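Next come two complexes built around chain A: one with chain B, the other with chain C.
And then the complex of A and B:
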């Protein structure tokens, strides 16, 4: 209760509706509606962590709206190599984030709205939240055929997924968040969420691919802004609070003490890649070298994002066994990451005799290995 | 007000950890608790539906039947590294079921000496046998 009180004093009330600021005192009674001014996925995820860790939500549920610049977000127990095209993401400068809730992989851009429903653990009810969202959409467009599935997804016209759900349950609080596709780049989404990596064996939680559609394609009046306002209005009515969207800045340490370090943690390699459940790769690739085809076999075990076991097998006549073994042992303990592989390659080449042929072979090999990372 | 909040948060934090004892969370050679002296085979429950049994200073932790039913089918168990030192009420991992990641809290202070490796391949053991084969740490 006291935490909410301090936030109340600090909030700059910039509401979408012209409600006098005196009305805010009443808003705090039974709930709160927030919207982030940031489009940084890590900052926004940090807001969720902060509210989850620090606020007492007894009798005061919170709805939080946020949108991100192009990012791929994987679930807590997922494997990014299995879920998305990391090579493409690096080329296009698309961020990768791992959230703390469960569920599958999604693509966010400014055409997607994220909604987070914060409640006490007792009041955690995903279906109630999804029904609220459906009611809000039907209030704007009564003809719209949107339904919640048993897995808390939203389907448009009974076939197109427009929303996916995930949640996190803590000691006393819980949050349920979902996406909402208004005007996302669907083609880009499909190519980003398709993994090119072969031979991965993992017990990480796997996404269930679905055919998606944007609401805007169905009805041009359903813009992000219209939907945010509609859902906020429905939430306000349901919880009997003022229909007041409070804009918040996720980098504001006076509002959210300690939030910047939460955002930092979410950006670390250790969190994003290192939290990947143990997995193995069993694959091969072909190299064209001076008009002959060579098959390179790869067996790698990765734990905490680092190579634990490495067995790259190249034909002996092409690359001497002892050189191959040297390469394999040098990889052990290093991050399963193209940048680190680059570094390793440079270091190894320096220890090698000035053998141009060997150097070029090694370079080709490492280029291909980087391709599977 | 801000100072008050800080005090409040600190006050609500868990009390000082249990006095140092040779607790180790360990191998779950879980003997069912029927016979034997009550001292050895008592299963205790937290208010968050974790259970712990102890034998010779070694504790085994799992979740209750109520908890596993509420969770639904567990599809992934995230458990700590062996050697991790836990204080009472520390978060030590999570169970995932139907897209919800549910945190796990340690009922006691101690050091993790073993985790249930079977759960990696078969997380459903937590549902099927929450008091025996589905032990966590």
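And then the complex of A and C:
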């Protein structure tokens, strides 16, 4: 029941700065159900931002369905180094995004449905939304044991988490979004959401790991499409609106003026990594060099994703102190990022005395340092 | 009775008894002026409100009206003093007002303090609110954390978007708080200056308790803090919006301007964000030869246009355009800092340049033939593999160009491998990965290696090995544009070549006929301490000959 039609008029009527509600005949209860045609996590997050910033949701709540290609999404105030395995993500080409709502880290792929409930600040009610989802699922499968917890998660059979929740409250509007695990790659999920980085001390919001399960494993009839339709039907019934799922293209500037710049902002390093709350790393690693083991101690303080204080201590006999200090001082102010570190160190090598041994030591040290980024 | 003080601060006193006891009024001084007044009151409490004031005269009493004559007396005395010190005109500017404070204390306050050229009043005590009919200053408002919904009583402050002293407008974001998976953006309800932040990062903030203190700039007549209707503010500011630019000024300044018949748009503000301060008005006044002009009541308050929605562009008055852009300074850090170090080291090398022109007509034809074959093998073939191979063949004849000198130029090391670097422009900046051992690679192998480096370079995944160990560099700046360049040698190398873009130009052939030639310019730079012009020239000629007649390469190919 997917109807693709021009959304222009609809949005104009709902937008703040256009003529409001003049054309809407049905004044009792209104609302919209949207589904994104894009699988790009940044574009979909940008749609959420756009609706949150630009639409007047007075009496017109919106439900938005979206699915993403494999990505990890962290909460607004989280620390990606603490939450996920960045090295694995870089190898596998998994995108990292930071959303604007709070909460914990989730893994998205095409087997995971995301639902966003947009309402005014006054009508913000998370429990109501979760109950709606539960009703929708029970309508499809009455025997399904799905319950909403106090933390607004959904538990299957009382123990498996199938949905996590987060929300954002602004001045006049608010949104509450949640995930729904249909057929996600579970093993991949657990390996990605496990951080290998040691020694991180941070006040960032930490995720609470839970045992998850796919709905499809429980019941093969519960595919993503079935669930989307069921939830849309329940929403339409609840808000007394037409059960039409409107497809939207998040890159359409005529529908969403300014959305592409929002999507771009979500992809910048400054947003994804730079918004990490201040944290420090206190760790050490061992290097094997010519049959001897050396311990390198690392103390780094990072603020806004950039290194503020850097103290890499290598044994004095192995690497002279002034070279170490040079390395430390050059890192200050640079991004805590392996790419930048790579370039930095190779450029610095040019200004070092020409010594093959020294260069190889330097290279080994830097490769290891990159490993903790 | 009234003496001159060098410097002091205004102190507020309570008047307790019948007598006016002598405590000298503390007042600010202007550099060469001293101002005096006398506060006739007795100190009743030790820790009093302290105000720094740019005017003076405060006589305070908590006795009601019957003591007013004494106030007048004090005011008269002050006015006399001012007149004596600065002349009649200044004295005229002083007048007194009576106010009733919240705590039933009368305050006597002169109106115009602008004489003394100080910035406007700074409140240090937020709670002693003087309900004045004309405020010379803003009012400190406590902005409390409003109800977030769902019965949430406490939240964690996660990020501040403002700091003390920042100016905020209504609806600007102040901070981000988090509560149980909900992230909430708190926006300001007022325009003003942030005076105090009540919480640090990661503190728990409580709903209903103060979050920040804001000093509101202007008390609107109705003292409403939410101005929803744009029409109202438009009227208030019409006489400043002549050029569509809103001028910032406190109500006292605006009144002063109005009374002196000054258009605020004509005054250049010297305060923050172009804010017009009292001294700006005074300076403007000084420039006018006469004294205070006869006030023409509604001259500068342009009434709202009679036509309903007439937003036509107002006729621009010929004034110099004011550019309000500001310089932005930020520290050089990270990658840029490293470049600074490298380039500073590079410039210690005495460079010399040598430029030449290469006719690539034959090479262009050859590449067109070879491109599809390389593509069939999955490789994009550009001109760079040819340039690299030709350079390597040239380096075999002139090994000094593939050398390296130590810091004091005491030893030259002739490098065996030709690791030729390619300058690459990425998001992060300039990086120079190199192709290892070009001397033993075929053209195809060089091409595939270049493809690999380019792909890794675009995603920033080049390894340290790729980025170090270079012995010679070619920079294809021509791919972006340009003809000639003066490249900087990257230490520890001793030579570098910059390739311009390939242009179609008319040239003469052997027979003297004009033909269309594909011309590229190359600019070499070399370390003159160990390389001389002749060597560079011969190398360049050799390299050129290989490229102009690609068949020659076959003779020397290894």
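FYI, the second predicted complex is superposed on the first by the 345 of 373 C-alpha atoms of A that agree within 3 Å, B and C clash if a C-alpha of one lies under 4 Å from a C-alpha of the other, contacts with A are read in each partner's own complex, and residues count from 1 in each chain.
Quick note on the criterion: a residue touches a chain if its C-beta (ideal position, glycine included) is under 8 Å from a C-beta of that chain, and two chains touch if they have at least 3 such contacts.
Please read these numbers as outputs of a predicted model, since none were measured by experiment.
Trainee: Is the arrangement of chain B and chain C around the shared chain A a clash or a fit after superposition?
Mentor: After superposition on chain A, chain B vs chain C: clash.
Trainee: Is A:201 contacted by the first partner chain B, the second partner chain C, both or neither?
Mentor: neither
Trainee: Under the stated touch criterion, which partner chain does A:367 make contact with: chain B (first), chain C (second), both, or neither?
Mentor: Touch partner of A:367: chain C, not chain B.
Trainee: For A:353, is the partner it touches chain B (first), chain C (second), both, or none of the two (neither)?
Mentor: It touches chain C, and chain B stays clear.
Trainee: Touching A:167 in the superposition: chain B (first), chain C (second), both, neither?
Mentor: In the superposition, A:167 contacts both chain B and chain C.
Trainee: Please tell me which partner, chain B or chain C, touches more residues of chain A.
Mentor: C
Trainee: Quick check for you: in the superposed arrangement, does A:335 touch first (chain B), second (chain C), both or neither?
Mentor: Second partner only.
Trainee: Looking at A:54 after the superposition, I want to know if it touches chain B, chain C, both of them or none. Which is it: first, second, both, neither?
Mentor: Touch partner of A:54: chain B, not chain C.
Trainee: So the two structures are superposed on chain A. Out of 19-27, 163-171, 235-243 or 541-549, which stretch of chain C collides with chain B?
Mentor: The answer is stretch 163-171.
Trainee: Shared contact residues on chain A for chain B and chain C?
Mentor: 75-77, 100-104, 151-152, 165-171, 203, 205, 277-278
Trainee: Within their complex, state which residues of chain B touch chain A.
Mentor: Result: residues 1-2, 4-5, 8-9, 48, 75-76, 78, 89, 94, 96-103, 105, 120-121 of chain B touch chain A.
Trainee: Okay, in this complex, where on chain A does chain C touch?
Mentor: Within the complex, chain A touches chain C at residues 75-77, 90, 100-104, 121-122, 124-126, 151-152, 165-171, 174, 203, 205, 275, 277-278, 306, 330, 332-335, 339-340, 342-351, 353-354, 359, 363, 366-367.
Trainee: For chain A, which residues count as touching chain B in their complex?
Mentor: Answer in residue numbers: 2-3, 5-6, 9, 54, 75-77, 100-104, 151-152, 165-171, 203-205, 277-278.
Trainee: For chain C, which residues are in contact with chain A within the complex?
Mentor: 148-150, 158-159, 171, 176, 178-185, 187, 201-202, 331, 333-335, 337-339, 341-342, 345, 404, 406-407, 413, 428-429, 431, 460-465, 467-468, 490-492
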